[in-house]
Structure formats: C-alpha cells, structure tokens
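Chain IDs A, B, C, D, E, F, G, H, I and J follow the sequence of writing; residue 1 opens each chain.
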Amino acid sequence: MDIEILETIPNENNKRDYEVEITAPEFTCLCPDKRDQPDFATITITYAPHKKLIELKSLKYYLGRYRNEEIYHEEATNRILEDLLKVLKPRYIKVVGDWNIRGGIKTVVKVEYQKNER
Amino acid sequence: MDIEILETIPNENNKRDYEVEITAPEFTCLCPDKRDQPDFATITITYAPHKKLIELKSLKYYLGRYRNEEIYHEEATNRILEDLLKVLKPRYIKVVGDWNIRGGIKTVVKVEYQKNER
Amino acid sequence: MDIEILETIPNENNKRDYEVEITAPEFTCLCPDKRDQPDFATITITYAPHKKLIELKSLKYYLGRYRNEEIYHEEATNRILEDLLKVLKPRYIKVVGDWNIRGGIKTVVKVEYQKNER
Amino acid sequence: MDIEILETIPNENNKRDYEVEITAPEFTCLCPDKRDQPDFATITITYAPHKKLIELKSLKYYLGRYRNEEIYHEEATNRILEDLLKVLKPRYIKVVGDWNIRGGIKTVVKVEYQKNER
Amino acid sequence: MDIEILETIPNENNKRDYEVEITAPEFTCLCPDKRDQPDFATITITYAPHKKLIELKSLKYYLGRYRNEEIYHEEATNRILEDLLKVLKPRYIKVVGDWNIRGGIKTVVKVEYQKNER
Amino acid sequence: MDIEILETIPNENNKRDYEVEITAPEFTCLCPDKRDQPDFATITITYAPHKKLIELKSLKYYLGRYRNEEIYHEEATNRILEDLLKVLKPRYIKVVGDWNIRGGIKTVVKVEYQKNER
Amino acid sequence: MDIEILETIPNENNKRDYEVEITAPEFTCLCPDKRDQPDFATITITYAPHKKLIELKSLKYYLGRYRNEEIYHEEATNRILEDLLKVLKPRYIKVVGDWNIRGGIKTVVKVEYQKNER
Amino acid sequence: MDIEILETIPNENNKRDYEVEITAPEFTCLCPDKRDQPDFATITITYAPHKKLIELKSLKYYLGRYRNEEIYHEEATNRILEDLLKVLKPRYIKVVGDWNIRGGIKTVVKVEYQKNER
Amino acid sequence: MDIEILETIPNENNKRDYEVEITAPEFTCLCPDKRDQPDFATITITYAPHKKLIELKSLKYYLGRYRNEEIYHEEATNRILEDLLKVLKPRYIKVVGDWNIRGGIKTVVKVEYQKNER
Amino acid sequence: MDIEILETIPNENNKRDYEVEITAPEFTCLCPDKRDQPDFATITITYAPHKKLIELKSLKYYLGRYRNEEIYHEEATNRILEDLLKVLKPRYIKVVGDWNIRGGIKTVVKVEYQKNER
C-alpha cells in the first residue's frame, strides 16, 4: 500500500491531548484463500493527534485502495495502524477491524499503539 | 465567536463536586473545504461546575452562532471547550463533537480539561 | 420540601455493603423562568444502605411533591440528594436527574455522596 | 425557492412502475415565529418516476436552500412536494417531514400526490 | 376544559388532503380514584386538516391544563378528540393516549373521527 | 374462574366506536403437565367498548387468580376472552397470550370476537 | 421424516377460528452440498387449529429429527408444512424458515396453506 | 452483466405458490459520476418461484460481478430484476436496493414484477 | 426457605478461577404490604465456583419456592445470596434482583460477596 | 475432542500485543442429562496471539465436532479454552459460552487465561 496518498493537516490545538475517532463502515478487500471472494469490515481508528491531523478525504482514498487487494483480517488491521503511525506520529492510536461473518463466524481485530512519554 | 453571549447563573450547590451533562443534537456549521456545504453534529458538554452554571438558553444561542460559520470538526470542538472554560472556570469539562457521516466516514472529536487541584 | 413525608424501614441485612437502585421515570416540576411551564425528568437514586432503607411508597409521595414547585434542574437534583442523606444516612448515595429536551438541548445532572470511612 | 436548481436524469427503466425513496436527515430551516430560531427535520421523498429521475446532488443543493429561510412545518413539506411535482411529473409522490421536538411536542407532516391514471 | 385556549392558523395548502401527526410525550393528569396520584401518557394526534391548522404552542398550553385535573384514561382521550374536532373541523382526526403502566397493567386508548364525505 | 370479581364502569363515550388496548406483562399460571411448574405470559386485551369499560384494578385481581391454577396456553387465552365477553359485551375484543419460551419453543395464542352488526 | 412422532391434543375451543404461533429458534440441519456442514434457522409455524392442537413437546422432538439430515432450505420449510398439514388438518397454516447468513447471503422461505371454505 | 453465471435448481414444491426472500448486505459497485468512488447497498430479492429456484452460490458470484462496474442506483436495481426474471421466470419478484448514505442523503429503490395470471 | 432443595455437581475445572452467570427472568413472590399482590423480578446470579457448581434444575425449583411467599425486595435478594453462599462456598458471588415497576418506581438490588483470599 | 483438527497460521505482527475476538453464534452440543436433547450457545473467543493465529475454517470444523457430543455447559467452555491454549500458546485468552435459555434460566460461562509475563 502506497502511504503517500495519505495527507495531513496541522493540528492547531496540539497543546491539548485530545482524541479523534473515525469510523469507516464501507471497507472491503479480497480474501487470499477463497478465489478472490470479497471481505467486508468496519474500520474504526481512534487517535490522539500530536502535530498532525489526518485529512479525511485522503483517508477515504487510502482505505479504498484495499478494494482489490488480497489480505488477511489480522494483516489488514495491523497495516492500517502501521501506515497511520508513520504519517501522523500520534500520541496514541488504536485500529479496530470489525469483519463481517464468514462461515458462521465473526472476527474483530484490535491493534493499539501507546507513545511512551504520554 | 463572541463569548459575551454566554450567560451564567450562580452554582448554589458548589460545595459538592457534581456533574452536568448537556447534549445538543442540532449543531450545524459550514465545511471550509466544500463550497459552504453544511456539516451536522451532536455536541455533548460534560462539566463539573465550580462557582457558575451555564444558562441553557444562552448556550443555545451561542451554539446557534456556528450555523453560518466555516470551521473544521476538530477546531469547532476545541473552540467550544475553550470558550466554556473562560466563562465557567469549571473543575472539569469535556466536549464531544459527534459529526454526521461524510463520504462514508464518521468522525467523533473528544476534548477534555481537568483542573489540577481537583 | 418537607422531608418528614419520607419514611424508612430497618435494613435487616446491614452487615453487607450492598446497593439499591431506584428509578422514577415520572418526575415533573415547574420551570422557574418560563411562566410555570412544566419540566419532566427521570430521577435515578442509587444508595448503599446503612441502618435504614427508604420506604418506596413514601418516596413516591415525596417526589410527587415537586409537581407544582418551581425549581431549576441542578437545584432539584441536589436537593433530593440532601434530603435522602438526612433521612437515610447511607454509606453511599448518587442522584441522577435526566431531564427531557428543552429548546433542542438535553440536560443530565449527577450528584454523589461518599461516606469517608466506607 | 428557485426550482431551476433541481436537475433530472432520464429514467431508462420507465416501462416499469417502480419506486425510489430518498431520505434526507439533515434538513434545517428557520422558524417564522421565534426570532429566527432554527428548526430541524428529516425529509423523506418517495416517488414512482415516469420519464425523469431526480439528480441526487442537485436535490441536496435544493434542500440546502431552506437553511436560512423562515417557513412553517406544514408549508415546507407541501412546497417540497409541489416543486418536485413540477420538475419530475412522477406517477406518484409522497413527502414526509419529520420535525424535531419543540416545547415537548413532535410534528410529522405527510403530503401525497397520486396521478389519476396510475 | 376551556377550548378557547386552542388557537388555529389558516391551512394554506387545503386543496391537498394531507396529514399532520403531533406527539406529546409529556402529558400528565390526576387519577380520580387514587387520592390525586398523577397519571402520565403520551398523546398522539393525527389529523387531515381542512381550513385550519392547530397552532402548536396553544396546543401545548391546552394539554398542560390537564396537569391538575382528575380524569379517567378513556375520558381524557375522548375529550381531546372532541375539543380538537370543534376547533379544527378536520377531514379526519385520531387521538391515541398511551398511558404509563399502573399496577403491572398498561393501557392505550384510540379514538378516531372520519368525516363522511372524505 | 369466578367472573364476579370483574367490575365495570359505564362508557360515557359510547357513541364513538373506539378502542382500548390493555397489556398485562405479569401473567403467570401453572402447567398441567409438568408437576405444577409455572408458566409466564404477557396478556394483551384489545376491545371496542359498548356500554361498559373494564375497571382496571378488578382486571388485575381477575388475572391474578390464574396464579395457582393449572391450565394450557390455548385454554387460558380463550377463557379470558370468554369471561370478558360475558362481562363487557363489547363491539369487538381480541385476546393475545404471548407465552415465554419452553424447551426452546415460544408460543403466541390469538383469539378474536367480532360482533356481527359492527 | 417419520410424522408419527407428532402428537396432538383436542382443540376444546374449536368453535372460534383463532390462531397459534409457534417459534422454534433452535432448528438445525445439514447442507446437502457442503460436506455435511450444518445450517441453522428459526422456524415459525402459525396455524388456525380445527379439531386438533399440536402437542408442543412432540413438535420439539419432530424438529430435532432434522439435526443430522441433509436438506435444502426450501425443501425443509415445505416439508414441515406438509407434515403438519397431514397431522393437524388446520383451517390455515404458514411455515416460515428464517435461515442464518451463508456466504454473505441470508434466506427466508415462507410457505402458506389456506383451507378453501374458511 | 453476463447472466450465464446464474444457476438454478428445480423447484420440487412448485404446486404451492410460496415465497423466498434473499438478503445480500454486501453489495458494492462504482459510482459513474464520482471518479470511480465505490457505492454500497443491501440488495433484497423476494420471489415466488415457479419451475426454478436460484442457486445461492451462483447468485453470490453474480452479485460480486458488480464490484468494479460503474452503474447508477436505479439502473443496478432494475437490471438485477431483469436478469433474475429471464433466468427464473418466477410467479412474482421484487428487488429492493437499499443504498448507503451519500452527501447526507440515503436512497432506496424498489422494483417489482407480477405475472398476470398469478 | 429450605436450602436442602439446592443440589450441586462437582466443579471439574476448579483450578481455574472462572465465572458462571445465571439469569432467571421468571422470579415471582408476594408483596408483604399489599394484600398478597404479586411481585416480579429478574434474578441474576454471578459466581466464581470453587469445589461446587449449582445444578440448574434444582436452582429452578429453589427459586420457584418464593412464588407464594411474602418477602421484601431487599430481603429476597440478600437471602438468595446467603443460601447460595452456604451451599456453594464460591470464591465470589453476586446476586442482582431487578424488580418490575410498582407505582411508577423501579428497584434494582445488588448484593455481593468476595472471599478474602481470592 | 481431537485437537489435531485445529490449524494455525504464523502471526506476522507478533511484536505488537494485539487482540483477536472471534464470535461463533452457531454452537450446538447435546445435554448429558436429558435424553440427548440439544443445547445451543454462542461461543466468543478473545485472544492476544503470540507466534500463532488460529485458522478460521479449522476452528469452524473443531467447534462443529461438538454437535453430537454430550457435555455440560461449564465443561464445554473450559475444554475449548484448554484446547486453544495448547494449540496457540497465546499471551492471553478468554472463552465465553453464552447458552440459550433452558427451563426459564439462562447461563453464561466465562473462562480466562493470562500468561504471567504479559
């Protein structure tokens, strides 16, 4: 995934340690195992911004890039966290991938990063 | 935003450290980026009053002032906190802006202030 | 408000520090500012009884006394706490007043008392 | 309200008598009586298209035009029906305005048009 | 109940046979049998206006008049219908009183009037 | 079941054909087959009164009489209808017994009576 | 499926044309196509009894017999209707099979029988 | 869209006029107007089968084919109906496309076909 | 209440400190004050078993014994805890009695026991 | 239960201590006491993976193996934890069995394992 598509805007209120929660209920990618069958998830990103805020339209395009990519649930959730970590360098970030039921089984993956000095 | 519109009433029960939670589901402003398209949010203000309580009708007029102003989600939520902080000098205050979905993405901004000696 | 209307029954299980939660969804009083217009709230009382339990029918009559009294949201919630504190002398008590929407704004007031030695 | 802002697209499936239901939960206008205080509603438009479909972005701009206009609940709901009737000439149309609570009272207005020969 | 308190406004759209539904969730009166104990209900009024619309603030004051009156569930629901019938002369009107649970039993009363020639 | 316990009050509004719906969520009786094990149901009575209204407290006592009686779901629902039919002589009456799950199976019984000339 | 397992009890109230609705949320069988993978459904049976009522425990055992049988959604729903039709000879019967999601797709099958002379 | 991907199985119960309702909450296609931005919908297909039942896995693949196709809401809903009509020749069929909110506006499209002699 | 009716089974997994939560929504007893009027509650028992598990059918019979006993809300909830404490000697136990609304007031009683060395 | 059916895939992100939550709402087994009557549950597995992730299809087959096995609620929940512990050696794991109501009583069993050095 090319992270250059992710744009940021300066956080004018960076003296306060506040929180932004973004929910994207229309995430879709392809399952590596099952002949390109699609998977669907709601991705929730919660972060405490430091110097930068994510620009929402660029985040939408970034998440849209997974549409035709083959990737596992656990891997996709971790990669979204890693990419945002590089771009935003936030005080805190959590990514939750809440994946639709497959074969009668539902999966939720939760990944979290906590900056040491916070 | 002119904060003089915000009126207060004395907190007769200021010996107790109690909490007031105010929910305003009809907040609207304009998006700076998209040719004056409107944004909608539910603003929730939770505070532990010290000497002053916010007068509710004046709060309604204050929030109504954002109706034709261009402002980002993060900025609006932070500014409401700063304005109420100046006027109320509360023991604690949190402002949550829960913004309606745009481009398939929903955003919630949470800003908090905790008086040191509380 | 005359607190003599509040009756108690002995707490036979006072060796255990347990909790009673009472919800009264039919509370109504009058608004001091708006020409006697009625206000409506759900009052929730949570307490850890010591020697006494509140008798429920007397509590109903006590809350019914606010029906034609002019009182602010914050004041009513605090007064119910103070009155029950005097009558029950509980280990802990919290009163939450969840007031109906007025002018597009909803208010919840939470007051708490914690006995030191608990 | 200038209806020229409403654009249409041809209904390629006009041999079938089918139905389109559009829900706009972010409608806001001003109350004529109360010193320009805002009103909020969810507008639901259900129509059976004949030759034309409403173009959704133009409908959004049309509804956005009410933002700073003073108008009663009943009048706004009827006017939206009349304007769409002129522009779309549908086989059937219903407009429902579901207005937020004011003074403890909620109002829903339902207006319907049925072409005779349907 | 004095019906002169009920005000009307002209129905500018009286050529269409449309519907207005008004929900008042804060209705309260007194029970005739039980030593002035209060009863609570949600009153829903649905009508097809002819020449007149009910003015909402006056309806609020009218319903508020029941606050300290002793009246049965069935009687109150019927009386609201009769009073609005006299004042509005609508094409159709239905009044539903949805009364809070008493003694483990909940009651809903539905009264309807249909003008013959509609 | 002794129906003399059921009291009525005169229907002052008997010129209108209106409806009263009574829900009793605390109905319990005993199962004939299973060594006196209790059954639980919500009983809903909908009727169009003619000359008489059911007095609610007497209905509560009547329903309470089933508490220690052995009776099948279908029989209990039918008997409540028959008893109210005798006492109220209504224009219409429906009794619905919504019985709690037993052995992974839930049962609802609906019995209706429609006066011919209505 | 052997229908002799289904027992009946006489309908003592067969002069009234009433309705019994039975919901069995714990139905499971095996999918013919997918290597004996289990399917799960909620089966709802609504019938107007004539001379006979279904005995509920025997119905539970009957439905339990599908547990290790391979059968399609449409076939299972139709067969339950046919079997109950033979045993109960009701005035009316409907069987709804509400099957759990498989491959991102949910299926509901509704089969109905209406006796002519009803 | 190539309809040969749609497979059928014989309807063994075709003497009964019954109904099958299929819900596919994971439908996605591309918006023709907005630079290939994705649209999301829940597609609900209700049909009364005649000689043929739709095979569910093939329906899943058929719906998956829209993933990277540019198509309007109204057109996609109508085309699914036309394709199933050709393949199934059912007694009745309805297709409902319930599309996710875009620009603060939600759209539902309902198309129906009723065989004459049904 | 005779606790000998309560049977236990050995806890085969007693090396792990795990939790069992039992919900009984069909609890009923009689109110001491109001001429034998019934009270209804949902009883929730949460416990961390030590050597013994409660046998569920015997618990059902034990709770059924309250059916015709006069007892206060607080007393019944405490007594269930005491009886289970004697029989199970668990590492932890909590009993919550969630009582149905009476006179417009709802009551929940929560009693907890924590073994010291846990 | 043969645990060799459980397959794993390597956890590529094992430097982060993250969480996977798997919900299987279609678990069924047989009750040891009641003549092979089926029990139904929702099994929720929450774990913090170390070197291995559970392969979801193999988990589905593993859970399916309980279908015709006689086992108590507490035993089944503990055994699923023990089996996954052996196969995954996770940093943390919790298994919750939420069992359907039987005899008016619902049971939830929660078992947890916490690696010391986490």
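Simple rule for what comes next: contacts are C-beta pairs under 8 Å (C-beta built on N, C-alpha and C of every residue); 3 or more make two chains touch, one makes a residue touch a chain.
What you see is a predicted model, and the numbers here were worked out from it, not measured in a lab.
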Shared chain contacts [chain D and chain I, defined touch]: C, E
Minimal step count in the chain contact network, chain A to chain I: 2
Same or different residue numbers at the chain B/chain C copy interface, by half rule: different
Whole-Å separation of chain centres (CA-atom averages), chain C against chain I: 28
Length of the line joining the C-alpha centres of chain B and chain I, rounded to whole Å: 45
Whole-Å separation of chain centres (CA-atom averages), chain B against chain G: 56
Touching two or more other chains - residue numbers and ranges from chain B: 25-26, 40, 100, 102, 104
Those chain pairs that satisfy the touch definition: A-B, A-G, A-H, A-J, B-C, B-D, B-H, C-D, C-E, C-I, D-E, D-H, E-F, E-I, F-G, F-I, F-J, G-H, G-J, I-J
Chain I - residues contacting chain J, complex: 9, 11-13, 16, 18-26, 49, 53, 56-57, 59-60
Chain F partner contacts - residues on chain I that touch it in the complex: 25-26, 28, 37-38, 40, 64, 67-68, 100
Chain J residues touching chain F - in the complex, by the definition given at the top: 40, 100-102, 104
Touching residues (chain side chain F, partner chain G) in the complex: 72, 74-75, 77-78, 81, 102-113
